[in-house]
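What follows is a pair of complexes built around chain A, which joins chain B in one and chain C in the other.
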Partner chain A sequence: MVTEITIPKLGLTMEEAKLVKWSFDMGRTVAAKQMVALIETDKVSFEIVSPVKGLVYPVVPAGTMVLVAQIIGYIATDEAELAILQKEHPVDAGVIVEQSEDKPGGKLDKTAPAATDTAGSKVGERIIASPLARRMAKDHDLDLAKIPGTGPGGRIVEADIQKILAAPTQAAPAPISKAPAPEESEFALTVAEEIPIQGIRKVIFQNMHLSLNTQAQLTLQTEVSAKGMQDFRNRINNILDPDETKISYNAIMIKAVALALRQHPRVNSSVDGEMIKVWKQIHVGAAMDVGKGLIVPKIRNADTKSIMTIAKEMGQLVDKAKQNTLSLDELQGGTFTITNLGAWGIDHFTPIVNFPESAILGLGRIVEKPWVKNSEVVVEPRIALSLTFDHRIIDGAPGAMFLKTLTRMIEEPLLML
Partner chain B sequence: MYDVIIIGGGPGGYAAAIRSAQLDAGVALVETDIIGGTCVNRGCIPIKVWLRAADTLRRIQGAGDFGIRAKVEGIDFQTIVERKNGVSSDIRMGMEALLGNYGVEVLKGRGVFKSPGEIDINGAVYQAKKYIIATGSRMAVPDIPGLKDALLTTDQALDLQNLPASILIYGAGPIEVEMATIFCRFGSKVTLAAQTRRLLPREDQDSSQRLAQALRDEGVTLFLGQKLESVKPVGNEFICSLSGSKNPTITVEKVLCAPRLPNTQNLGLENAGILLDEDGSVRADDFLQTSVEGIYAIGDVVGHTMQSHAASAMAITAAENAMGQSKLFSFNLVPRGAWSFPEVASVGLTEEEAENQDLDVTVGEFPYAINGLAMSVNEMKGSVKVVFDERYGKILGVHIVGPNANELIGEAVVAMQFEYTVAELAAGIRVHPTFSENVVDAARDALGWALYLPKR
Partner chain C sequence: MKERIISASAALAEALHEEMTRDKSIFIIGEDLAVHEGIFGQFKGLPKSFPGRIIDAPISESAIAGVGLGSALTGMRPIVDMHFSDFVTCCMDELCNQAAKIRYMSGGQVKVPMVLWCPDGAGLRAAAQHSQSLEAWFVHTPGLKVVVPSEPVDVKGLIKSALRDDNPVMFFQHKQLFAKKGPVPEEPYLIPLGQAAVKREGKDVSLLCYGSSYYLCQAAADVLADLNIEAEIVDLRTLKPLDMETVAQSIRKTNRAVVVHEACLTGGYGAELAARIQEELFDYLDAPIKRVAARDVPIPFSPGLEDYCLPKVSDVVAAVQAVTYK
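And then the complex of A and B:
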């Protein structure tokens, strides 16, 4: 029996993915549970494993954008089945093998056929489409030969047509009153590089805009002594066994934030329609950039975990982030975010809330500074805190009170006990 | 460690177990009671035996129309109950044998989640890579003063050796309607009251109306849009007070009601972090996955259409997804059925629902009254109604009242599944004379060219 390889839905909002590569050429044998293809969404990359042992028959070339549930290829049990597949889904084997990750584009080409690059290759061949899809395509003058089918056996169904109708086509006619092209002059700007806004960049692009567009964000800034936290960290790390994960400032911060959130639950909330939803769970995310753009893995129920546990989990999340193996679950569903720009020598800044959360804490560097204490100038390690919150639902005073609770715990970590 | 553990051995759990095993999973099926669940032991199957008995009586009573003079000497309810038990146990034994045949391990006991990855069965802890929750539903007795003493559950009703002389059936769902059909035919004085304004409120208004008329013709008294306020004993009977301007009271021997609630309690859902929807059912997405990855839910416990075929269809999707596929479940293709005289069945949107979705709605309709077979066999109540979108001819819903409605609705399910437009349905050919011709004729009416209806 031929097994279909389809694009799994990896999260509630996932609709499409990029087929990055095939692990096997056509006709090669894949073992059961072995990776057969790699896909990448705007959040994660995911290895599709073959449910069965058999001969691989890729249909969609690597580098193509594919839809959830779309069939991208098949696994044949034997050569005979492979031959049938070749008849039923003819593809130019050469094309597939040559296609590679670095092929430019990777945008869903609404007009390109799913199986091959040569448009119109379905001429004379039977196009499998539902009667409703045919009728809709006719009504909208769409060429069925150019539409990828996601129904059983690659059949074109209503949803495939709807998808195309819903999305603005790239080939859409340009606006009539097109601005006149600027005259060529020595002052005209020339493009050095065009970077498509897509993938993680697109998500960041949209989220940042959504956040600022939706919330009334207010940032409060303060500075506290980092001495207590430094001592605390050193004391613990000195007594740890060499194979135990050392605790980081971030881990202490996450714990302190989580405990402060418990005392100020309103900061741990989201707006949902006409409702402020104060969350029971405290899931603190730590924004990080591992070279692929900004991601925010979460420490779940951070208020209930020890600093050691948090440090260990953070270590694992960072490793996973570097290897690009974070699951969507590890990236979604936070209630508060911490972002640390200390490594870049930044003190104060205005972080943007990680929507739909309602607050974010920015950490600056720890730096020694002169500080007046009991009328005397002393040298003390200091750290800047910047708290941005949604002023629609959190008033200034409660926001400041949250920050106050937090600063006390940072200055005296024993308060976390 | 199993690949899949399924909790509940009703039609949902059974189908999920077999489908998982077909995909080479190591499967355990947990069941506290007996295999077959509500459907086989206390639901669909038992009530069909009773309905067949009632229908046989109905045909004998109508035999005079065909020149056959027959007299019913008596009804031996014990034989009905024994036959019912026999059929249930035959089906159950068949299911048990097939589970064994597929190597499914049946674990006796109540399954309770200890964590997202472990379940406890009688104190022993089991683990699986994936779980499928198929715990079904239970009867939820409404909180009405005095109701308890007068209550007859469907479980009890299906085992009755003597039928009450009078009964109030409270509720307007398929189970209540079928119960009213049975009791009425066997001579009980039946009153059906419900809070909803119409019978089968989930169905198209036309279906509700046709069914209401049919039940009245059978002799059922209907009180719709009225709430049962209280039940008070008087001697061997009960006085039931309904709300409403006239405050009617009804005196009966028994009150039957059958509302059902998803079985989500004592299941450790909270230990696994599985979330419920507002209506108390387990929340499942279109892949039938719950809020916890790797844990799926199917059948009555997820609500929607609480019928057996929904459970077993969901089972296939959930089992395939548990085994690494990613299949979407088409909730809109789940048909609904009730076995009254005449039957009521449907799939998709009602006319009203379609209109509320701002679609360009048109309907086609064909009555049984002018169908050749219906006239020949003297079963002329009912009609087939096709609701479709004018723009592309997309079939949005089909609503059938009439003999064999539950068989005929399969045609509509196929048509909608494969996205036939109303034109393909109208172009069909059926054996003559059959009730199935009605489906084609309704589609032709939708397009304005039904051959057996007056010119439009």
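And then the complex of A and C:
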């Protein structure tokens, strides 16, 4: 029996994804639960695994935008079924599979067609642009194929051209210069690598810009003793069974932040039009670097969960992030974010709010330092905290009070009880 | 120039006084004119000032239009009062087959300096046979000129020009606009046929309108201003001949056009205008041309349904938002 390979719905709002690559050529054998294709949404990369063992029959070429529930290929049980598939869904086998770039031993396959190139998606299709936009593009030697359209159905309209003209130095939609190229100077820069801005990177681009462009961000920094937290963590981890998840500093911090948010609900809010919306739920995200860029999986209702539960969920999210199997729902809808640069020896920094949230806490490393206590210099583990918040919503003093509540719990974790 | 605030009816009566005093060949023929002085008060004072030149006729539009045509051919300048524009159906042959064509068919030997005066439009709960806006029929008839004024100042200036024109002119005045007041200069003046007016300047969209839709567009432009959209209002005033140059100037500036009329959508003047615009101004358009018009149904008698069928301020606003992508 032929098995269909369809695009899964990874989140409530997901409608489409990019089929990044096929793992197998046509007719190759895939094992059950082995990755057969990689897709990418705006937020997440996801490996589609084959539910059965069989022969892969890709239909949709890599690089194509595909819809949720769309059939992108089939798994045939034997050669006979494969032959039937070839008759029923004729495709040019050579065109479809793009060799994975990061596959060990796999060479970069430059013979792969241009189908994977995003700009190429418009090749052969008519570009939808208003007559005025067309004339303006012509007058200014702009290539319409490189200009994103914001009108209905992606129509390129006057405003889109104006945007390009207002920022002529922006890289993507560079004018096609008809003039001869300027003479190459010996100091001219040469490109070592061109990295397309897409997928997670594109989302980071947009969100960072949106965040700093929209909010009035202020960062407060302080430093607290990590002694209490260290002792607390060691005590718990010492009594855990070997098969139980050890609790991390991040798990303790998530819990502490969630409880502090409960006391300072204004920090747990977003701006929506003319309204500040204070959220009932407290969903704390933890920023992680998974190599391609930052992603922020969430611990839902962190204020209601025990540290042990949080630690366990964090562990699962990290595993999923590493395996690229995080769902969109696990990445969306946070109300506060924690980011930790301690592992890289950073103390204070100025984190950028994870838009549309209103605040983010940056954690530094835990490091032993001389500290004056009761007129005595003592050696104490210290941790730096950097709280960035949207100063439009949260005034300086309330922001500082939130930080104060938090630092007290870090210094004395018993306050979390 | 000194101005007063007067109604459209008063502006019309004043224009007719001036013209009838100036030109003895002008007379008015229609139903119940002398006694009523016009059902909208538009001929106030005229029967007394010009005895014998305001002629009541039997109820036969065919006969009335025929008299108008015949007298025009013999050198008079008649104003033929249709009472309600809907009744033109009873004299279509006189108008469209005779008056519109005879100057051409006679090789210019005769001319027809006649004004067909037609109160039109809906909103008076007058039902399907007394609420139409029929201007498009006559725009589609070569040989006729078509004028649809909005403000009192236009009514006066345009009726005077219509009376001095040597061709048959269909002069449509919306029934709900007779009582509308506005500034009118005290000094005599003319507004040439075929000259549109930019009555509000804006950079984001051109609202092309005439007659009652002018007021609709003014109200919509106020709403749009709050949305940070600056609408330019072009009151066409004359539909034929059309002042395409003023329309083009506006669209070259705004790059977007919405045509608004009270007549029903299909085959309406908006269709003609949209066609001209796309043909002549294609490269200036940033969005498809939108039309706001009445629904394609006979105007209902029920007040609720009548209001539902007629174009509203919100329809104009929505159309503008669509073409400005806002």
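We adopt the following convention: the second predicted complex is superposed on the first by the 253 of 417 C-alpha atoms of A that agree within 3 Å, B and C clash if a C-alpha of one lies under 4 Å from a C-alpha of the other, contacts with A are read in each partner's own complex, and residues count from 1 in each chain.
Quick note on the criterion: contacts are C-beta pairs under 8 Å (C-beta built on N, C-alpha and C of every residue); 3 or more make two chains touch, one makes a residue touch a chain.
If you're wondering where the values come from, they're calculated on a predicted model, not measured in any experiment.
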item	value
Which superposed partner A:Val49 touches (first chain B, second chain C, both, neither)	first
Partner chain(s) touched by A:Pro8 [first = chain B, second = chain C, both, neither]	first
Partner chain(s) touched by A:Val157 [first = chain B, second = chain C, both, neither]	both
Residues of chain A touched, compared between chain B and chain C (which is higher)	B
Touched partner set for A:Arg235, first chain B, second chain C, both or neither	neither
Partner chain(s) touched by A:Pro131 [first = chain B, second = chain C, both, neither]	both
First (chain B), second (chain C), both or neither touched by A:His140	neither
Overlap of the chain B and chain C footprints on chain A, listed as residue numbers	130-133, 135, 157-158
List of chain C residues in touch with chain A within their complex	255, 282-287, 325
In the complex with chain B, residue positions of chain A that touch it	6-9, 12, 49, 51, 68-69, 130-133, 135-136, 139, 157-158, 329
Residue ranges of chain A in contact with chain C within the complex	130-135, 150-152, 157-159
Touching residues (chain side chain B, partner chain A) in the complex	23, 285, 287, 293, 323-328, 391-394, 418-421, 423-424
